[in-house]
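Contents: one structure, followed by commentary.
Letters A, B, C and D mark the chains as written, and numbering starts fresh at 1 in each.
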Amino acid sequence: MNGILNWILWLPIIGAVVAIAIPNVKDNVVRWITLCTTSIVLVLTVVLYLKFDTSTAAMQFVVKVPWIEQFHINYHLGIDGITMLMTFLNALLFFICTLSSWTVEKNVKAYFALLLMLQSSVFGVFFSLDFFLFYVYWEVMLLPMFFLIGIWGGENREYAAIKFFLYTFFGSIFMLVGIIALYYASGKGVDSFSILAHQGGKYVNETVSIFGHTFSFEHLFFWFMFLGFAIKVPVFPFHTWLPHAHVQAPTAVSVILAGVLLKMGTYGFLRIAFPIFPQAAVHFSSIIAWLGLISVIYGAFCAMAQDDMKKLIAYSSVSHMGFVMLGLSAMTTQGMNGAVLQMFNHGTSTAMMFLLVGILYERSHHRWIVKPDGSKGYGGLSTKLPKYTVVFIIGMFASLGLPGLSGFISEALIFLGIYQKFTTITVIAVVGLLIGAAYLLWMFKRMFFGEVNPETEEYDDMNAREVFYMLPLCVCVVVFGIFPSPLLNVMKASVGQLVDLMAKF
Amino acid sequence: MEYTVGSIAPIFLSPVIAFVINAFLGRKLPRQGDWLATLSIFISFIYSARIFGDFVFGNFATDFFIHKTFTWFDLNHAATIFKVDMGVYIDNMTAIMLLMVSGVAFLIHLFSTWYMDHDEKHGRFFVFLPLFTSAMLGLVLSDNLFSLFIFWEIMGFCSYSLIGIYNQKEKAGDASLKAFMTTRVGDVFLLLGIVALWMFLGSVNYVDIYAAIAEGKFAGQTVLGISFATFTALCIFLGAMGKSAQFPLHVWLPDAMMGPTPGSALIHAATMVTAGVWVSLRMYPLMVLGDITWFIAVVGAITAFGAATVATVQTDIKAVLAYSTLSQLGYMIMGVGVGSYNAAFMHLITHACFKACLFLSAGSIIHSVHEQEMPKLGGLRKYLPYTHFAMMACTLAIAGIPFFSGFVSKDRILGDALYYGFMSGQNPLLAIVPILGFAAAGLTAFYMFRMMFLTFYGENRTHDNHGHGHGHKDAHGHEAHGHEIHHEHLDVRQNVPLLILAVFTLGFWFCGTLTGQSFGKVFGAKTEWFKVLVEAPVVEKFVDHKREDFSRVDTREKTHLEHAHYHHQTGYAGPNPDEHKLHSAHTIGAIASIFIAFAGVFLAFLMYIKGSVKPWASKFPGITKTLENKYGFDEFYIDILIKKGLLGLNRGLAWIDMGIYDRYVVDGMAFVNRVLYKSAKWFDNVVVDAIGVDGTGVAVNLFNLVLRIVQSGKIQFYFIMLIMVLASYVWTLNI
Amino acid sequence: MMSLASYLIISLILFVVGIVVMIARKNIVAILLGIELILNAAALNFVAYSRYVTNNLDGHIFSLFIIVIAAAEAAVGLAIVIRFFQIKETIHIDEATQLRN
Amino acid sequence: MIQQLFGFLSYFIPEIICVVLMTTLLVAESTVKEEHGSRGKIIGYALAMLALCLLFLFQNLGEAPRFIFHNAITIDPFSTLIKIIMVLGTMGAIFLSYSSKDIYTNLKSEFAIMAVGVLLGGMLLASANNMLTLYLGIETLSILSYVMASFKRDESTSTEAGMKYALYGGLSAGVALYGISHLYGILGSIQFVDMVDKLPGLEGTNLLIVLVSFMFFFVGIGYKISVFPFHMWTPDVYQGSPIPVTSFFAIVPKMAGLAALIRVSFIFFNNNSALSISWTGLMLVISAMTMTVGNVTAIGQTSVKRLLAFSSIGHVGLMILGVVVLNEQGVRAILFYGIVYMFMTLIAFYITSHLSDMYGTDSYDVFKGLIYKHPTMAIIMAAVLFSLAGMPPFSGFVAKFNIFSVVIEKKLYGIAIVAAINSVIALYYYVKLAKTMIFGQADGDVKVLGFTSGNQAVIIALFIPVLFLGIFWEKVMIMSGNAVLFIK
């Protein structure tokens, strides 16, 4: 049973190698290989979920193999409640993305191979309990993304790809410095590269000096880690790579980017920045909360001004991830659980939105709500595409937090959590909810109501494949909106442990 | 009877099931499943009726209630306990409300099966209608503010879908968007209030909140500088304002008539708008504690009067009805504010009945004439006799003519307002409340009868406009061409619902006693069942309340009702010190409102039947203009606030984000690199060549010697550098 | 009676003169001569030190090596200069500014 | 006595092999007629000899350190490992020179002769144990380098490069020599070990003179490894010289100079005297400046050759950090870095050389759309670029990781941050090149002739360690670690 993580982690690589290895293979074969791989991984993940023991916060399915003895670096995998959810999300989204990118025609082989590599590296980030391994996967993940955006992207793809690459690299190189510093701070011991061993505020009293100024070890390296993760999330001042990347990336990649990759940032806070530097985290929680608040409001405002659907949804991701940051900064039971739940729910709902945009893009080959020349990009779609409209409504209301759909519970929990700590921020944050509804509904009104736009006349409705891969997401959104317990029960032990830890500082 | 899951759940669940079935395979069902929806509502009506009977005729005490809960989900871990409970809270008010909602909704469904026939949106309409009803029922049943909020929002979604159901119309989109967003403004505040209460009390159960009030937990608590009670009460009331369309947030309701008429009936009468009144009634003790009743009263009064004035100039039947709804809602809120708790609730019920009937009648007219502009109607009396009868009854009720329900409830509110404004020794400025209230009463009578006269009396003008066919679109979007108006026959789906509702416009249903005597009395009876059963929650009674799980059987004794215990409960001062002043206030109020109502009716008669008084529209064009564009609220909100303000801000921010921040700050990093590179290059070129080759100016005088040496080629400049660096190293050895 | 100091001073003078020559002269051959001067300054130092201070042969050996290497370096340098002259028809140092960013 | 001498020689075999190789090559060059294939034979012979030399070096790797020729030369695993790197680099360069069109084809083996000579100098420098050997090493290295730089005799650029190199080298060598002469005078010997003994007793003027002299002395090494501010000749020379020469310069002299620098620093400054502290501070400043200047200047380059040249400066700056910390881990990190860097540089120069042979220029454009012409080459090149930028899972990351870790172990966070920012800057231009290769559209799909199957095989063979050392790098780390242990 312990090997299952290995399987989940390496199956995609195997699939990719197989896909590449077969000489002059037909495109469809590659597609099917990818589909099989992702679906097997999905099945394995479901098995994992069923076997998962929700009662404990400890790591489960642990795999630990020595890698570099002299540095005590291990190949160390394991999952707890938080990563369980992320794993499931990852497997699900990649399965769906494989289906959704069935229509990719350019360099099919390379595309799907890179997609599989991306999946494996993302799994690696979530599984690895060893700092070195974590960092390796964290960086490796950039390469497939870079190529996927850069080769299959839109007209301005090179700029977007390089920007994404450099931005993230900039953050993570500081993270590397922090990791090495931790390694030496912990005395180069047997588990000085083990993430778990560092947790619990061991470094409260350490100090460091840079250019002659003395800092608290915790505070300094909390910010180093913060930089690494905040860029990924992305939190307000570091968010500008996101719109470019999203607008330029192909549909499936945007889905992965918004659905899973952004979560890696918040996951980093949950797993590394907060538990290892709890005192600093508590000390700076108000700053994090304010940054989160700014992301919420700022992202929502910017989203409302966009005429490009993808850009709009990209900014909405900034706003929604801002809610996650708010929940994290609260460091209360409700807030943290809400944040993790929001990570999952945003993953599903925003994935729906991006997929829907992609589906429409395949028909219209543009994404303008209002074209640059002021004419309507779409209009009266609801008459032409009834199925599409229904799915769109579900996704839209899920992401604007309608009760009964998944977004609401997490946002409500986050509000409950944040209110206990920062009342003012809560009061301002409700504006985010308001605008959050406004830009989505306004987009919906501009695209779906009114006379049928002659350009959209000959669009045909979602075909069976599209319906098939939208269905699981709709189910997730609705079911977890009404019965959140399956998710909450999995994560609450792990999150609770973190909350209790933070409460000590 | 026992209150188990089996006896309560169907009320809420059967419409939900209907919704699910219709949503997935509605198209396959015969008649697209409208019968299913209607049936489901009827089932919940039956169950509600059982509860109603049990509570009202079973003679429960006023303070008896059923409260059962179950845990939705929890976040318990090691030490912390955090549970989110759902549950039902049933007392007399709930019982009455359930009966009203399910009953009216059932009749509306029944009518819709006729009205929406052969309509392209027939199927979709019957998907959302039952969901809407079920959400309202769930809201009424729910025992805490959180689940209330959930159903509250679902209703918002349903109204969004119903209003925008004719999706090929641009205006429908605007209207639905407007409706959702305007109510959303209130909703977020409601959520904020709920969150605040929850985190402060650890629960948002009604009973827990009441208990906390009774124990004085709120004393001295402040948040953001204002008293905690005021803060939460204000937040919750803002939510109520959004939902029941009170003064600043009222703009969405008139546009809500873009949807099919039965949908409007459901929104205006039974479900959506009454939710706001409902929550402010439920949270009444908090409002009192937070001391914002005066604010509530003023808001209500302003809404009542303003809407009534606008209604006087509307020409569209549905618009008139919409504004009349606004003004009646204003009455209810005003009633809450002035502390006539049970009159406000009674007005909610009565208004629900007659407003539903009015809208259905309007629907029947529109459907059979394909015309809703009153100037193009008239003389329909002989074509639509039953509709005319029902509509007349309701008009009498809403206008506050004695012996009709509207009179009973409204004049109590007005009486209390009178007392509140003039006799209770409040701030004299609050005298505005009763004044506006009475004015609105007069206006109501006027514009309702104006509508009646223009529609049903005079000669028939329906054919005039068909000659010169300026393409007027009716609610169905297709051209209204002059087919013959067929005579109305008694049809179980078309006008029987109307007639049934019309029956309940009679006053005595509401002002009688349980034992049946004094049905004749129209006001002032001390033992009317409504007054007895419905009273503001007395928070002290909830202090030692244990909530029950659904599994446990209800063991509480049904106590018999002693009339002696009854005391008139008013909001402001517990048991009222001066009963007689209040009584006289009521008497004065009643008489005044009778006269005012009749004055209004008479004026309308003079203007539109006899024509001896010319309509004042021509006399005061300025005022008419103002009224016709509804005091310019829409322009202000849409054009100024949103288009100029919000969107401007957004565009600006977005531009800054991508145009400035991203380009110059973020990409600026690369730019900095380029600058560094340039400087390195500059070092090689400029320093070497310029200074090196033809150095002039200050530099010359400074390094005269060096320059004379340097003024050779590049390689030698490297030598210079080497030597100078060496010198600088040596210098760093701090000799 | 010559002392160590005088040798050191002379070698210093040689060194400085060499550097100045390298910097100031335009003729590449002259610059090569400057290098020779510098090397000779070092050689002189070695000999002087080994005579007056260390009293071992290291300095002498070193200076011998220096002479040899100087010769080799001069040879290679002149060869390159000749190529340069054949290509550019000049041995003016300012002509050697072709390579730059 | 005699066999004692031969006992010495047994450790000196690699150098001897080089000498023999040089002479034989000279003979061959003058005698063997230029008919078909002889060139290939000669090159093959040279490579074989070098391989043999490599064999002996590996044999020496395990041995305890020895001082031979009256303590003139140290044979210890450290110098041996450095020599291995240099020999490998030389072999790579010679192989490249065979296929490259950038140097004259009518030269049968001159490149090999020069390269082996430089290699010999580098070996002396690496295992020098007194000032004389060190100076000899530097000069052997330099003088032959001048010739290599001006290899393209008829091209003014090449000649000019050689001349600049010669003049600058002469000056700096002379300055270094002047410093050495004073050190000899004050410390009374040219043997490192004897000189160190005198150091503590110094005071007053003598100490001052010693300090200044060390500064002078550093110029000699500094210009060899082209650190700021003695790097200024580097871009010109790198641009002027043929690509095989450039690749050679980017590896062998740098490694040799680093070896000398490490040895001198360890012998003279491995105590906390005022001397060593000022030395360390100097090194810190120099490394920070060097990597910054190297990376920043590389951004603006349009010629890939120059880009690689500047990036090599940046890498040297990073390597010097390993010297600063003055401990075994530091040197271990440098050695690992050197090994990895050697492989990466060779691959990069190979591919660049073949492309520039094809198109006659080495600007970015020749890389445009390489992925469509030579997928394998493009992918390998991209991987090497990412590796140079220090991205996992390639070995460049591990090298960077080691340097960072030794720096941070000494709690030099400031320089760590500088290095971090520098690696971002570096990534920028590497990614720009990778982008050109992979995202750009190829203008016409002409196959590059240089990529014969043989060349591709060599490139792939060189790439294997780049990938492998990124994941399973423990063995090599241990090897470098053992090499370091005997440094003193």
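As a convention for this text, contacts are C-beta pairs under 8 Å (C-beta built on N, C-alpha and C of every residue); 3 or more make two chains touch, one makes a residue touch a chain.
None of the values given here were measured: they were computed from a predicted structure.
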| item | value |
| --- | --- |
| Chain whose average C-alpha position is farthest from chain A's own | C |
| Centre-of-Cα separation between chain B and chain A, whole angstrom | 36 |
| Computed distance of Cα centres, chain D from chain C, in Å | 27 |
| Between chain B and chain D, centroid-to-centroid distance (C-alpha), Å | 78 |
| Where chain B and chain C are represented by their mean Cα positions, the distance between them in whole Å | 96 |
| Chain C, residues touching no fewer than two other chains | 19, 22, 31, 96, 100-101 |
| Set of chain B residues in contact with two or more other chains | 670, 680-681, 684, 715, 719 |
| Chain A: positions in contact with at least two other chains | 166 |
| Chains that touch, pairwise | A-B, A-D, B-C, B-D, C-D |
| Chain A contact footprint on chain B (complex, rising order) | 72-80, 82, 146, 149-151, 153-154, 157, 160, 164, 167-170, 172-174, 176-177, 180-181, 184-185, 188-189, 191-192, 195-196, 198-199, 223-224, 646-647, 649-651, 653-655, 657-658, 661-662, 666-667, 670 |
| In the complex with chain B, residue positions of chain D that touch it | 163-164, 167-168, 171-172, 175, 208, 211-212, 215-216, 218-219, 223, 229-230, 232-233, 278, 282, 292-293, 296-297, 299-300, 425, 428 |
| Residues of chain A defined as touching chain B within the complex | 57, 163, 166-167, 240-241, 243, 298, 301-302, 304-306, 333-334, 337, 380, 382-383, 397, 402-404, 408, 412-413, 415-416, 419-420, 423-424, 426-427, 430-431, 433-434, 437-438, 441-442, 445, 448-452, 483-485, 488, 492-493, 495-497, 499-500 |
| Residues of chain A touching chain D in the complex | 67-70, 135-136, 139-140, 142-143, 146-147, 150-151, 157-158, 161-162, 165-166, 169-170, 173-174, 176-177, 180-181, 183-184, 208-211, 220 |
| Residues of chain B touching chain C in the complex | 680-681, 684-685, 709-710, 712-716, 719-720, 723 |
